[in-house]
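The two complexes that follow have chain A in common; it is paired with chain B in the first and with chain C in the second.
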Partner chain A sequence: MTELERYVAPTTLAAAIDCLKDGEVTILAGGTDLTPQTRAGRMRIKRTLMNIRRIPELKGIALDGGAIRIGALTTITEIMDSALIAKHLPVLVETCRHFASDQIRNAGTLGGNLCNASPAGDTAIPLLVLGASVELASKPEDKIYRRSIPLSEFFVGPGQTRRSLCELLTAVTVPLPAPGHVARFHKFGTRVGLDISTVSIGIGGTLKDGALAAARVAFGAVAATPLRAAQTEAALEGQRLDAAAIARIAAVARDEVHPIDDVRATAWYRKELIHNMTKRMLENVAQA
Partner chain B sequence: MNVVAKKPRTIPESSLIGTRIPKMDAPEKASGRTRYIHDINLSGQLYGKILRSARVHARIVAIDTSAAKALPGVHVVLTAADVPDQRPIGVARDHFPLKGDRVRSQRDEIAAVAAESEEIAAAALKLIKVVYEDLPVIADPEDAIKPGAPLLHPAPAGAQPAGATVAHRGKADNIAMRFDYAHGDVVQGEAESDVVIEDTFKLHYVTHCCMGVSGMIAEFDASGSLLMYSNTQVPFLHKREFAEYLNMDPARVRIIQPPIGGGFGSKLDIYPFEVICLFLARAARRPVKLVFSREEEFLASPTRQPVLLTLRSGCKKDGTLTFRQVHTLHDNGAYTSWGATTPFVMMQTFSSLYRVPHCDYHTVAVYTNNPYAGSFRGYGNLQATFAIEQQMDEMAAAIGMDPLAFRLKNAQHTGEVTGQGMEFKSCGFTDCLNTAAQRSDFSRKFADNAAERNQPGHLKRGIGMASMLHVGGGAKIYPSDGCGTILKMDDFANVTLITGASEIGQGSETVLSQLVCEELGLPISALTVVNNDTAITPWDVGVHASRTTFIAGNSAIGAAKKAKTKILAVAAQKFGCTAEELDLRGGCVIKAADGEVVTELSKLIRNLHFSDKAELVMTTFYYEPPSVHQGKDYKGDVSAAYAWATQVVEVEVDTDTGIVRMLKVTGAHDVGRVLNRLGIEGQVEGGIVMGQGYALTENLMIENGVMKNPNFRDYKLITAPEIPEMDVSFIESMDGEGPQGAKGIGEAPAICIAAATANAIANATGVRLYDLPFTPERVYRALHGQTPKLYWKPWVPAA
Partner chain C sequence: MSPKHDIEFALNGIRQRVTVPATMNTLEMLRDVLGLTGTKYGCGEGECGACTIQVDGVSMNSCLMFAVDCDGRELTTIEGLANDTRADALRASFVEHGAVQCGFCTPGMVMQADHLLHKHPEPDAETIKAGIEGNICRCTGYKKIVDAIACVGCTNK
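And now, the complex of A and B:
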């Protein structure tokens, strides 16, 4: 049983963050993480349950100067169906195709996926590769205060982020990739549909003369948070992607991750997958 | 005025057999109207919940229920101490529904609550305090069987030495059951062999994952009679058993089975929750509904029997099989359910799938602190077939013979009587082998894949085959393997078929209606089936052993034939001819010679009813198959017919990840005869997918007695995109005893898949896997030499 006392469904951002001040508030977006977690007793619903789905400001995908702004309430399906995203951030569409099932994609939101902060959360990986930031809003006095932090600094541990209890994640912003930018996402699960990642890999950069510049690599499900892989990035940066280089970079990747054993896989196997899949993805990039 | 002579109407011959008939209950199910047990509510009902053990193996020192009892809305809280008359339950009568002194597995039931809502019942469970004293956990059956191992069922304090059951008197070792069978002389067989192969195989835990979780609603009426809504698969036997547990007259127990929820063998035994639900209803004097959560369904349902198996087989250079020697170690879990008895089926496969002159079979089922295994579609045959069919490929390779040719050489034929005494009156095995091989282009692909194995690239193709033998005409386990039918015809010539056969989703209503319509020349729409209620239907032994179509089908045909005889006799008298000159067709009485309509059947029936010698058409029939009970040596013709099948599986193996994709299954099934083509296709396709899950993804992980993945996130069922292409052929061997020639095939399609997949992976990669399931990591490890070869040295303690 919960101590739930109050259910609110504000229609403005201001009202929502006002309510958050209390500190004893559970935010509900699509509910696809919240429901199973509270049912299983892994999470407790606080005194107030706040449904944020009626706040128009949290919705929508738009080109905003040199960046694409994706509202926190945007569902995985909406990302998949967006022409704007398909044009500028195709890797995000690719990722969403491997995300859960239709039912979950129709309900699950981008904000929820990031705030849930699962090490195996899927959207974080391409967003890390794309250099995304998250926008957080709060209302310490009577004015709305917004801050932006790079996604690479957002995650702290499983289920933990740098969002404070009185902040709402309002949007994700992704700078428009440079011309010639390529990005790949690979999710490894034991079956095609409806699986939680055993490992996931994102690789991106600007392809010139068979090498990636401004290379970024991100791994999921191999650490307490989705993470950028600095050593792998350094090994990849500017290297012509011939067979020898690919083998070297894949080996760096394998050594860089320190996964754990769990019901889905052993650490050894995860490291093997990181190696083999990084290699396969780089071979694919080399042929692009 | 011209009078035109009215042309006599004729009805051409036609048959429903082999046609595609949609399930009669499909509209109800598709529109969500069919009621699961969850959907049934009785007024005034309470909600039951069970407190399970927090430990795997422990002594219960104290239980305090006072706070739970004090919670408003709680009506009853029960522990073993509150039910001093509880009787031991289970196949070996080795545990009590509510555990009093000791818990032996994670699922063990310690207390139960009946309350006004599920929430209150759940809150009450949290208020119950249990003090445990931990005991050593025995999680490995090999440890449990060692001399001096701690006992799972030591004699309880104050044990009655004369007590009849394990629960009362305890057990001096951890051996729950043992089976020893032999025909011929394996020593001689081995001496005659040119090749001898020995392997150990390890079969894992999976569970049924029925769409509906388990549940029961129990209500005692004012005069103390009991009504139960239960998904049991054996209502008549269980009615008697429940009565025994409640110390009441079985005549006052009535069971109604919801037609949906799922069985697959899981409801073949009585489990603690059911008896506990009855205790709660008795104590509360209110109806009690007890339905599992999905997590509880994983934790407290039976599993398929996990098996460690060492198989030694031999053959001659020309491909003739010489002997087989089998030792298995069954992990019984904490208590004994039907899983322990799977050797009944396993030994049939070892002794009789192929002609093998010498066979020796031993099983020891041992108690551990693991979940306990029950019956599950295939009943041990998936495990046995996994071992045998891999060794068939290994032996073929050892003597340089094509796997198909090797099997054909040793396959059984019609007329054969096996060493175990099974008599194959109809046997399409050779046709199954040839059909599946031809349709899948087996021999060419097998050779090509092996040749391409060492080419560069991470995707390897493989093809593998496996065959099976399974009972197809019931199985004489109980004093009777029969089924009763009551048939009545109303004055519109519509038939109500009251059958003992339970409909639990398998499509029995439709196929039984079809068989009756075929006899009586009626359209399917003329049939209404009444079933699933012990107060109404005649006796039946239950839904198991692939028996319903065969046994209940013959029973329904028997009742229909009696009705037909009566109708034709009346018609013959009325129209001044002999009964032989008449027949029934298209809802009419016709002339047998040319199909000319004599009268509408409904008119004839009304004439009979509303005459001075008023009479109704009502018949009964009880069918008992001509099978025999096996002797103590497990020999005898236990089924009235046997089903055969060969399945060929094609896979693609990714050597970078270990992912095995199942591309295609080509199956050839000897089904005797196809009755409802739509129904049998569905049955085979569903079975293939169940076999695929067993082979590739499903795995109940148990570590030190604790289940690691009691949820659908980490217990992976096959989902739609993974289902392979299927090409299924039916071999019609026209069984002489079967209804219209048909055999039962409910279990058959799930049996071969894992074995054929293992052979396909070996064909693709040259690496053979001996333990299931073939998850990516397990396959990857094996491909990279990280899997030491399994070996279990059979150790059979003295009897």
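And now, the complex of A and C:
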């Protein structure tokens, strides 16, 4: 077992990715996941601890062609306070409001939230609904190489993603939603922000004549990763959202998830929550 | 043994140079290395807010922050609010409203309230409650704290 040997705080992306080649690097962003995880012994810091907070290229929110690009180091507070996000991606602001506490939102980053890959991670849910992609940068030779993968393919299991050890998550890109797009996020926990979600749900699509087109549904904390719910999406697609349809779709959602029993809730209770919350959210969308 | 690292930062307006182990958190550095014990250790995992400080003008849990990450930044702790007029009003209001009982949560609560008032000079009760969501108080039942912060907000009008 290797021990921590050095701490580095590179100031450019190129220097950071060079450092990753070693393979034995722990990346530090806001530290709000890393600190408690290493204290509790759930996570071991590798040979090099690399602080990426001094890299300006990883910061900022910008409209870039038909998409909004959010740098990996953007904090949850910065997302919440961004006029650009409020205008184009209001569901993300709504999500951030229910995220942890002010102190943690001021420190925690979007990149950290996604790379931590908790099944209950909050930002993944609206981002799945919005069809976001993550940008990963590496430097196999002397040039920076960037690849983009849909967030729906990014998560592999709890704490596991398709990011390779020599890649850094640099940004999240979200295509601008079509006119008439509506999206909702709901998180269930006992101490609103500070609780890890017992379940969370995101629903979105383009509302036309009381039905959602290009409907997307995502669930958190009901499986090993945050996930899109294909069956619920199919049941929702193009259906006029009257009481009978909503009841049918909520039942599909309940049957689609296979959560586990844990300290926060039983599997049965989670399925009931998914059913009742999906129903309530669709009623709300129908009135939009 | 974790490697040591030299860092330099402004602490309550005064330049500091310290050598810290790479895995030490900022709360340990403040209390154990620099001897500033106003910032409290409650839970060590981001749940209670007793360790709240301000870094580059925003509030953070010092227990969740690596000390090495303080390098080049500006830190304010409860000791640093001693000569600050906004904080004077806040302190007076906490006393007047009986918002301090055992006092253990108070430094963190005041640091967070100070940040809140900076961002929202006239917060309503909902904004205050949301703002101090990350600060636990076992004594007051929060109402007196919310009132104390709101009262400072009123005088900002």
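One rule holds in what follows: the second predicted complex is superposed on the first by the 285 of 288 C-alpha atoms of A that agree within 3 Å, B and C clash if a C-alpha of one lies under 4 Å from a C-alpha of the other, contacts with A are read in each partner's own complex, and residues count from 1 in each chain.
To be clear about the criterion, a residue touches a chain if its C-beta (ideal position, glycine included) is under 8 Å from a C-beta of that chain, and two chains touch if they have at least 3 such contacts.
Keep in mind it's a predicted model, so treat the numbers as computed, not measured.
> Just checking: does A:Met277 make contact with chain B only, chain C only, both, or neither of them? Give me first, second, both or neither.
first
> After lining up the shared chain so the two structures overlap, which partner does A:Cys19 touch, if you call chain B first and chain C second: first, second, both or neither?
A:Cys19: touches no partner chain.
> Using the superposition on chain A described above, determine whether A:Tyr7 touches chain B (first), chain C (second), both, or neither.
second
> Tell me the contact category for A:Val129 with respect to chain B and chain C: first, second, both or neither.
A:Val129: touches no partner chain.
> Based on the superposed arrangement, let me know which partner A:Ile68 touches: chain B (first), chain C (second), both, or neither?
It touches nothing on chain B or chain C.
> Could you say whether A:Val172 touches chain B, chain C, both of them, or neither, answering first, second, both or neither?
A:Val172: touches no partner chain.
> Report the partner of chain A that touches more of its residues: chain B or chain C.
C
> Would you check which partner chain A:Phe188 touches, where first means chain B only, second means chain C only, and both and neither mean what they say?
A:Phe188 contacts chain B only, not chain C.
> For chain A, give the residues common to its interface with chain B and its interface with chain C.
In chain A, residues 40, 192-194 are touched by chain B and also by chain C.
> For chain A, which residues are in contact with chain C within the complex?
3-7, 9, 28, 30-32, 34-36, 38-40, 45, 49, 51, 53-54, 77, 97, 100-104, 106-107, 192-194
> For chain C, which residues count as touching chain A in their complex?
These residues of chain C touch chain A: 1-3, 5, 22-23, 25, 44-47, 49, 52, 58-61, 63-66, 68-69, 71-72, 112, 115-116, 130-135.
> State the interface residues of chain A toward chain B in the complex, per the touch definition above.
Per the touch definition, chain A meets chain B at residues 1, 40, 188, 190-196, 263-266, 269, 272-273, 276-277, 280.
> So in the complex, which bits of chain B are touching chain A?
Touching chain A: residues 119, 122-123, 295, 458, 656-657, 659, 697, 701, 708-709, 711, 713-714, 716, 718-722, 775-777, 780-781, 784 of chain B.
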